[in-house]
Amino acid sequence: MFSRAYKAAVTVPPLAWVAAFLLFPYLLMFCYSFWSVSPAQTIVHSWNFDNYKELLQKTVYWQTLLRSMWIAARVMLFSLLLGYPLAYFLSFHAGKRKDLLYQMVIIPLWVSYLVRAYAWKTILGSDGVLNTLLQYVHLTNHPLDFLLYSPFAVVLTLTHIYTPFTILPIYASLEHIPRNLVEASHDLGASPAQTFWKVIFPLSIPGVVAGATFAFVLSLGDFLAPLLLGGPSGIMISNIVVSLFGAAYNWPLGAAISLGMLVIVVSLLFASERLEKKWSFS
Amino acid sequence: MSTTPAQKPTLLSIRNIAKTFGRNVVLRDVSLEIAEGEFLTVLGESGSGKTTLLRIIAGFETATSGELWMGTEKLDREPPYRRRVNTVFQNYALFPHLTVEQNVAYGLRVARRPDAEIAQRVTEALEKVKMTAHAKKKPSKISGGQQQRVALARALVNRPRLLLLDEPLSALDANLRRQMQVELKSLQREVGIAFVFVTHDQEEAMVMSDRIALLRSGELEQVATPREIYSRPATAYVAQFIGHTNLLRGEVRGGVMRCGALSWRASTPDGPSLFSLRPEQLRLSSGARSNSEVRVRGKVLQQAFHGATSLLRVECADGLVLVVRTPSGGLSAEEIELEFSPSDAIPVSESPEWN
Amino acid sequence: MELFVSSGSASTRQSRWLHLHASAVFAFLYLPIAVLILYSFNGQGVGGFPPQHLTFDWYRMLFADDAIWDSVLYSLKVALAAIFIALGFGIPAALALDRANFPGKTLFRRLVLLPLILPGIITGLSLLMLFKLADVRLGLLTIVLGHGTALISVATTEVFAGLQKLDRAQEEASLDLGANYWQTFWRVTLPNLKLSIIGAALLIFTLSMDEIAVSFFLIGRDNTLPLEIWGRLRRGITPEINAVSAIIFMFSLATIVFWYRLRGRAEGSVEAGAELLPAGDSNRT
């Protein structure tokens, strides 16, 4: 139905832009990862694997990557634990207030990330709201150090930020479940709990996988929360990249790490997509 | 395939049109001439290719092979907006952001007709479909039947040479549908434009059409007037698709057709033969002696009440089941005798790949 | 949708726990922001419970702060330009994904959607390398290109979702009635996409105003608002930041309420909100 001219007109401009500003830069990054930086702080275009060797050999990179993954995993877990029951509540128990409550889940997403991270910083600090509150009601008599500048703070903040991201796809998949399936299950003698585990949960798995993927991948690559709240023990892999492009001027090495992250993220996306397909029955 | 030619000059000439989607052959060598001012129905089951044929005429699909001619113009490569053909879509496709009036005016606005002319033609069109009172409403505020009229007006106001209708009545309930059938027919008479109407409902086709083109699996089975197609079906498929029928399978030898216990004189050549006999052509035997009528006894298996008439399923000797249409009421016996005239049994050719 | 009413106590117990859990999660989501706003009025500055003597001082300081207002203006410029780029390339991209088949379509689709889930710094620094190669000075142009590129995915996702709801027959009807492809696009396709486009524009605006990861690498001499705030945070917390945060929150709230009003008038469906989410279905398209 659409003429070739039409299809060409809508395809070529975005294709060109994407090629110029997404594909080409990624390729450039790929090239950079094989170059090195001279002592005079210039980029030397000599092709070698040095950067990758450095990444594989120096433990600091591995440690940071693993710590980042561990943080991301915890964020994913907590987001799911917090988010799934809320999504379920919204879909099956919210009744007339479903619309309003759904909006209330979306609103935090529109509020600046920086604002929310900053809010936690003020709450968790040793002079912060939480500590002074606890001392005020005599639950503690000195500030709790671990609250801020620790992986704990990072996990807490990232969970706060990404839980709504997790809720939405789960809610969407729960909403897609035809209600008469639940009725049929009851009709056949299954209790609400059995119905949940045998019917509802399996059908919501694609949403769970999608939500979990967002939470994990977005947390893995986060650099703001660790910088604001992580302290020395909360440094994540993105922070290393940022410093390599800043003070610790070594673009090629930074590019190598970025490329690694790119590969990890894309692999996770592929895996998650396949998992979603496997569990989708429509 | 037998074709009754159209009476008036040809408007659209469909020549050997074929269409394949990937490996799926949807239309296989369809040829048809559509006459000026005729009401032609393309009838077929889902999957027969009827909608595809319509879309090829409209210009939304290009045929894989074959040609489309309107007079001396070859339409094949013309985009839809350059053809003098308009379509009434199955779900009406009214523009939700425009009022009824604006919807109807759309084609004229695009053609940049002067405002005064647009206003006059739109008013006229709305009057023809009796939607003048709703001119300023948006489509979401009017009923399905009303939307359908607006879709009609929107198409007709452009004075196309040919109007295509893609199952426009299928979304309406039975009563409204019958009413619209009558209105559409008289509207067509009034405007004098050729209508090509696509449907799967054979009763609808019979009621409305000047000619019916029956399409099966991408090929035309028969193109004829409703009367012709009913009383002289060309193939077993046509006989069975249009109305009810009894298919009598047997062999003709020496001018006599034998089908189980039945036999009658037939003028067709010897060999395996198939005859179509309509249920209303079977009558309860009058009992009087007759040489011309064929008689058979049977047991009534089932009676289906259809109002003025009823359909009986009668099992005869050797298992042959006949469907008989009789006036309702007054039948109490289980064993009855039926009769029919041999001339009412129409020879039909077999329809391959079909039961 | 109270399905379990007839099942008796088990379901109401379940329902009660769910209510409790839901309230707890909502509290978790909203309390930090509430605290933030509260403390923007706290005379003693950030921290310290309980808050003492409420004051507007911090807001007064904020309004006199030129650097902040400069950065707001700058951010607005960037956001507006980003909307144009993102929509200008995102709408055709959505149309292409919906209607055209071409070699490399899958790669194209994945590339377009990648910035949604890829850490922003990767998009940022890959563009930085590009600009260095092309010898382009960092400044307004580079930031605008960065935001635009990153946010095309948002525009594409929104418009694509809107296209799924569009009845293809309407465009066919328009062609049938004599309008060519260009006319059909303006008269029929675009009006039907109005809601998606506005939603996309609002979201792009919001995300651009809050963008840090990409901007971090492409910023020139002038700061966007988030980077200005960020700079101050490095130097130490001031309650002024609470004030600006509170205002940002109010603004976001107003935007989303406005958006829901607009949408409610047009449709009234809540599920539509899922489209608003950049991350909503990006993996599945």
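Letters A, B and C name the chains as they come in the text, with residue numbers starting at 1 for each one.
Keep in mind that, in the parts below, a residue touches a chain if its C-beta (ideal position, glycine included) is under 8 Å from a C-beta of that chain, and two chains touch if they have at least 3 such contacts.
Note that the structure is predicted; figures quoted are calculated from it, not measured.
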| item | value |
| --- | --- |
| Pair sharing more residue contacts (C-beta pairs) when A-C is set against A-B | A-C |
| Chain occupying the middle, per Cα centroid | C |
| Centre-of-Cα separation between chain C and chain B, whole angstrom | 54 |
| Centroid spacing, where centroids are CA-atom means, of chain A and chain C in whole angstrom | 16 |
| Separation of mean Cα positions, chain B and chain A [Å, integer] | 59 |
| Multi-partner residues of chain A (at least 2 other chains) | 1, 3 |
| Where chain B touches two or more other chains, by residue | 60, 79 |
| Contacts with 2+ other chains: residues of chain C | 172, 175 |
| Chain C-touching residues of chain B, taken from the complex the two chains share | 58-60, 79-82, 85-87, 89-91, 93-97, 106-107, 110-111, 154-155, 158 |
| Partner chain C, residues of chain A touching it in the complex | 1-3, 5-7, 9-11, 13-15, 17-18, 21-26, 28-29, 32, 82-83, 85-86, 88-95, 98-99, 101-116, 118-123, 125, 127-129, 131-133, 135-136, 160, 163-165, 168-169, 171-172, 175, 179, 182-183, 186, 191-193, 210, 213-214, 217-218, 220-224, 228, 238, 241-242, 245, 251, 254-255, 258, 261-262, 265-266, 269, 272-273, 276 |
| Complex interface listing, chain C residues touching chain A | 1-4, 7, 10-11, 14-15, 18-19, 21-22, 25-26, 28-30, 32-33, 35-36, 39, 46-50, 88-90, 92-93, 95-96, 99-100, 102, 108, 111-112, 114-115, 117-123, 125-130, 133, 145, 149, 152, 156, 168, 171-172, 175, 181, 206, 209-210, 212-213, 216-217, 226, 229-230, 233, 237, 241-242, 245, 248-249, 252-253, 255-256, 260, 270-271, 273-274, 276-277, 279-281, 283-284 |
| Chain A - residues contacting chain B, complex | 1, 3 |
| Residue ranges of chain B touching chain A (in the complex, touch as defined) | 60-61, 79 |
